[in-house]
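In the two complexes that follow, chain A is the common piece, with chain B as its partner first and chain C second.
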Partner chain A sequence: MATPELVQPAPEETPRGVPSVVATVGSRRAALLRLLASLVATMAIFSALIVALGENPIDAFDAFWSGAFGNKFNVGQTLMIASLLACTGLAAAIPFQAHLWNVGGEGQLWFGAFASISLILILPDGMEGWLAITITVIGSIVAGAFWGFIPGILKATVNANEVITSLMLVFIAIALGDYAISKLFPSQSNSTESVPFDRLLPNIWEGTLVTAGALLALGAIIVAIVLMAGTSLGFQIRAVGLNSNTARISGMRTGRVTVAAFAIGGAFGGLAGAIAVLGINSALVAGFSANFGFLGIAVALVARLKPWWIVPSALLFAALRTGSSGLQAQTGISSTVGEILVTVFVILLLAFGVIRLRYAEATQ
Partner chain B sequence: MIVTDVFSLGVALMIPMLWAAYGETLIEKAGVLNVGIEGVMLIGAFAAALGVSKGGGIYAGLGFSIVAGVLCGSVLALLYVRLGTDQIVTGIMFNILAFGLTTTLADEILSATRVTAFSQYEIPLLSDIPFFGEVLFSQNVLVYAAFLAAPVVFYALHRTWYGLYARASSEYPRAAEAAGLDVWKLRYVAVVAGCVLTSVGGAALFSSSGGFVSGLTDGRGFIALAIVILARWNPYWIVAASLLFGVSEALQFQADRLGPLGDVPPDILVMIPYIVTILAVVLARASRYPPAVGLPYRPSAKAS
Partner chain C sequence: MASVPAVRMTGITKAYGATVANDGVDFELAPGEIHVLLGENGAGKTTLMGILFGMVIPNAGEVRLGDETVSFNSPQDALERGIGMVHQHFMLVQDFTVAENVVLGSVSPFDLIFRRAEIERTVADAAERFEMDLDVGARIRDLPIDTQQRVEILKLLYRGARILILDEPTSSLGPAQIASLFAGLKQLSDSGHSVVMVTHKLNEVMELADRVTVLKGGRKATTVSKGEFDERSLARAMTGHDLPELPPPVPAAMDREPLLRVRDLVVHAGARLHAVHGVSFDLHPGEILGVAGVEGNGQRELLDALAGVRGVEEGSVEVGGRDVTGASPRQLRDAGLSVIHEDRHGWGLVLDMTLADNLGLADVATGAATSRGFVRRRRLKARARELLQEYDIRPANPDALALSLSGGNQQKVVLARELGCDPSVLIAANPASGLDVGAADYVHRRLLDVAAQERAVLLISHDLDELLNLSDRILVLHRGKILYQAPVRELSMDVLAMAMAGSAPEAA
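Let's turn to the complex of A and B:
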């Protein structure tokens, strides 16, 4: 005998006007003032640091600008870094919308890169280039999804703290990458064998190193927009983020949504790994990721977790990254100042309340 | 004896995580989740390296790292407590900031540092006991201090007024405030004190690794987060849990003497502590954070 259906199935159409998990506070003008204040404070702190390191801040900003946008080639580099950051930004943004802390985008990126290099070098020699690339890209996405699936399933089944599990998987994935470099496909001391030329993502902008990887990233953004705005799963992810109890009571399987949000986030991280290997470095290079997975969290936050805002946000952070490489070339200051600049900016955005995470459950 | 060697090394390796776990316990028992623990530890290690490279010896380094702990604690307390920023996101950002800051500054201002360790001290009589003598009583002073700190942390949390108040503010801050307590002040104290202990863990790590390199902590701070959960915020259990991770880390250095483990590539052995951490978090599934941990608190008296 069939039991009567008591709960409403999830609505097919996404209702409009559902508030987002992340919202700025106060009026638009106040928010703008806060944003300006955090920008000015970031500049001040960064200038002070540059002076402390014995350089002229004006020259430093000049070197920064030319590193990011000084010529066509550098603009291309910024675009490619932005492609990586867009993917890792999505890796954070989608689970964050479900109020799940996938802070392991770095691990999903590394595991995707590990899967990429393994697949592309193992696939038989006779295979067509485009086919090998397609298989590898899909394989990396699946690998990344698997790396995201682990903290997701552990969270959903035994309520294991996803911050810790996803962070631990970062270190495991990096160790796997080091293993590929030192044992599986050894070549030079800090890189695997190179990917054969016909199996690299093709160049799409002459005079730069911009490859089809940028298009893959753009595709990822579009997929994420459609997923979050136009599918029932996207709606459920947001509903769980707003209030998982309400979501459960209204009939959503929150455990499944948890796993799905994590796996989808991981898939984007895995794609970033494929872009890095096939579209940027042509090999798995030790330390190829300058914390790109972690910076994806910053990208996602500044984009207020909205997929379409991730494009400008990723471009901004990519410019800060290539800018700091320019600074390194001119002054010799380590390019890790880029990390300082980015994190000071984001922490000030948090401090000034420009980025404020708000949850139904937190406001008891 | 291979077992003695593994445990003896394990005890030495557990110490940085042990200090950090004490620090995290203090902070979480006041209702704050310090995900920035990794960064605080890294800055502590860098500060110790700075003290040593300025010619002050390892004890000057320890002093530097205590100061660094106070500074980190003040910044984090301002963010977590006063400004009520999201603790997980702020913590992660702080970790990257610490990575960038220490790497940049290490390039610029650290001179090549000699290997320096804390003074080794063999406790008379006790160090003659087989196994335990070598494992527990032939270590450096910071190791002994770490073991002695367990009852101190326990006493502070469970036998003092401060500990009672702090725990109240991690359980139900609204009630703590109604009882006349200043939740913010309790949390400030806890965050600063906890960051000092975490930073000392960084100094311990620096002294046992013999030199500062970029990203020296390599996840040990995050492992300490797991240790605290596994040990359920009890300092004595924290010692036991830290030993588990110290030993799992020691395995990779003694692998060539451990039969089949010797054939496993070193890059794979590096993973052991991280895998053990995931297992620990899974096994500690019944362990629950105090209810208010991680949630910013806005006192009704200080509407801002």
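Let's turn to the complex of A and C:
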């Protein structure tokens, strides 16, 4: 019965047009091999670039490695950036699973950071530190969720393209952040006033700058795993993402699922904003996000949208980031080279098929 | 068969990985004969013809044309030796004219621009020679499906094909169109062309075939000549066993309150206004109401509107006495309506989800398989196991992905889910399309079961045999209106065919 007929009768009206990310092709081992291959190729191109800049690639790699993992402190920096990337990765991954292209993680991150700094500085002085932190973290999550809710509701009600709407909201959120820095809570430097010391997320690893923000990120991963694997909403998000027609005709309220998936994605972005403000920078700093929101998309895709794979994926991208800082510190090569490195890596991930964009019609 | 056969294939073997599609198949085609290649889905028909047409390279075996052994590496090779194939999905450029499509591939693009008149004349001549009534200047996209098919055939003949392979050519045609296709094929065979028709429909074999070769499981089951076979013996050769007769339909309770009441329904289809144009009917307990019509006469829009995925412009729909006009699929489901959509992959299944998930879609949506927002996994799986067994779905593994199943088993999954909701009204659109005889028979029995349980089925189908065998009553849609309706016992195939073609029989 399983004999393949050559010309399969194509389904008449399969949903088509929008690519979906699917991890069905190839075994896990093959996927890891592909990932390794793209890492090796990235290093080769990176070496060529270093040689062209007149430096020794071996030294560069050494500097790179020590920047990411060279000592306890640097490992801590990598962990904190990974925490941000894990959250923005989830901000992309959950809507992506519903086949919704939330490219506005950067905006949800900024809006969350804006909410964080506003709340933490406005809450009355007499309030206990832990309470202020709790309120602020929850407030940032809600703010991020609201920033995700907007493209979600526009998609569900008037079918506005979520790529455009979520992207436009990035610019508004960044403008709001800049407004907070220059007008609402100005300070001497290029940032807002600092967060009072007792209202910062506590340090959890001596000798490093690792704070409870890392635990919040880990908690976010666990929430996402439970959401997708166990809950009715997660089930419906998957069903809508894989075939919204069938989901709809089976009685799922696809509009609500759309809004929910987007809002949940936004919530994770908002949490990233809180971690940045309360757990890393102690203020809202201009340009604090080195495109962490956008990098979250790559993190999610490399993790094939699976929440638990986001942990290694976020660590990998964080290491590329801290590594290039180390590179600049030790060899004087501009950290722009590090930016190029990340970009080349993402392109190669696509080329090697680690990230696959598949069209629904190609299922057979 | 004294003369040299036009084609002789011996010992053809083709394997895809572990699956053997053709296993030592012999096939012979005499000059001027119409040879039907019959078999269930996956029997290896398409592979065998793909090999003859150069699309598939066999692992072993010999292909001889006349006295000569050939080995084709591409369809181009086959075309050069006078073999042409009409695929199920036509290979026509929609925006080109008939003439342009016919000569495409045999003239240079420059000729197409500069010698239009001459080319049209040549093609018109060719059409006349083969007695085809074609407007060679018409654009393909404006032509009905059967005319497009004729263009495909002309294209091959124009290139000098003497051997024509047609893959399931009747799958989207109405009865009148099928009759005219068959007349055309007979004419071609009279003029010395050889025709191979791939099909799984038995009645077509009876009407057309000089000889039949039956494939089963990749092997040749038998080759028989006209007069040596009947539908029963062919069905047995195809399936390996006798199919028992379908039970007679239980008379519907026409006097009871209808379960589905549709009044003056108007449905739009995009820019083409009024795809459904004031349709009214009642569906009674125990009734199977057939909806016939040539494809594109409003069936799809009717289906989508009743399923709640396309807006109702005017009119009303009631399920079990409850007004559900314009209701969402969820509300319709709550009212007791289930839908088996004709597009199994697009609207019936989530191919990348497991069988347990697919079977549980509706239960998760309605909350029957959830508690406090969590999916009750164990319950979902247990229910799936039950359904897999009850509907004899293979593999009976709730963790298998839906896309790994054969078409017949996929359809059973849809059937199991939809009937598992205990609907009072089932809308089934082409529920057996693309299925082999055994699976189609199974689906039909299930539909009859539904009616026997005092529930009702609206059967929208382009398969007239299906409609005549299952329905109590048939209505014919033509240009979005009910052109004709009658109880099945008063209907004949001819009347139905006439109505579908748009001429309402007197009795209407």
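The rule is short, and it goes like this: the second predicted complex is superposed on the first by the 323 of 364 C-alpha atoms of A that agree within 3 Å, B and C clash if a C-alpha of one lies under 4 Å from a C-alpha of the other, contacts with A are read in each partner's own complex, and residues count from 1 in each chain.
By our rule, a residue touches a chain if its C-beta (ideal position, glycine included) is under 8 Å from a C-beta of that chain, and two chains touch if they have at least 3 such contacts.
Quick caveat, the model's predicted, so the values are computed rather than measured.
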Request  = Could you look at A:Asn245 and tell me whether it touches chain B, chain C, both or neither (first, second, both, neither)?
outcome  = second
Request  = Classify the contacts of A:Arg253 with the two partner chains as first (chain B alone), second (chain C alone), both, or neither.
outcome  = second
Task = Could you tell me if A:Gly338 is touching chain B, chain C, both of them or neither one (first, second, both, neither)?
result = first
Remark   = The chain contacting more residues of chain A, comparing chain B with chain C, is B
Task = State whether A:Val103 touches chain B only (first), chain C only (second), both chains, or neither.
result = first
Task = Answer with first, second, both or neither: which of chain B and chain C does A:Gly230 touch in the superposed model?
result = second
Message = Just to be sure I follow: which residues of chain A are touched by chain B in one complex and then by chain C in the other one?
response = none
Query = Which residues, counting only chain A, touch chain B once they are in their complex?
reply = 53, 101, 103, 150, 154, 158-161, 163-165, 167-172, 175-176, 178-179, 182-183, 291, 294-295, 297-298, 301, 333-334, 336-340, 342-344, 346-347, 350-351, 353, 355-357, 362
Query = For chain C, which residues count as touching chain A in their complex?
reply = 16, 19-21, 41-47, 50, 55-56, 87-89, 167, 171, 217-218, 307-309, 328-330, 333-334, 339, 341-353, 357, 361-362, 364-367, 370, 373-375, 377, 394, 401, 403, 406, 408, 417, 434
Ask   = Contact residues on chain B for chain A in the complex?
value = 35, 78-79, 83, 85-86, 88-90, 92-97, 99-101, 103-104, 107-108, 214, 218-219, 222-223, 225-226, 229, 265, 267-268, 270-271, 274-275, 277-278, 281-282, 285, 295-296
Key: Of chain A, residues touching chain C in the complex   = 1-7, 9-15, 22, 24, 230-236, 238-239, 242-243, 245-253, 363-364
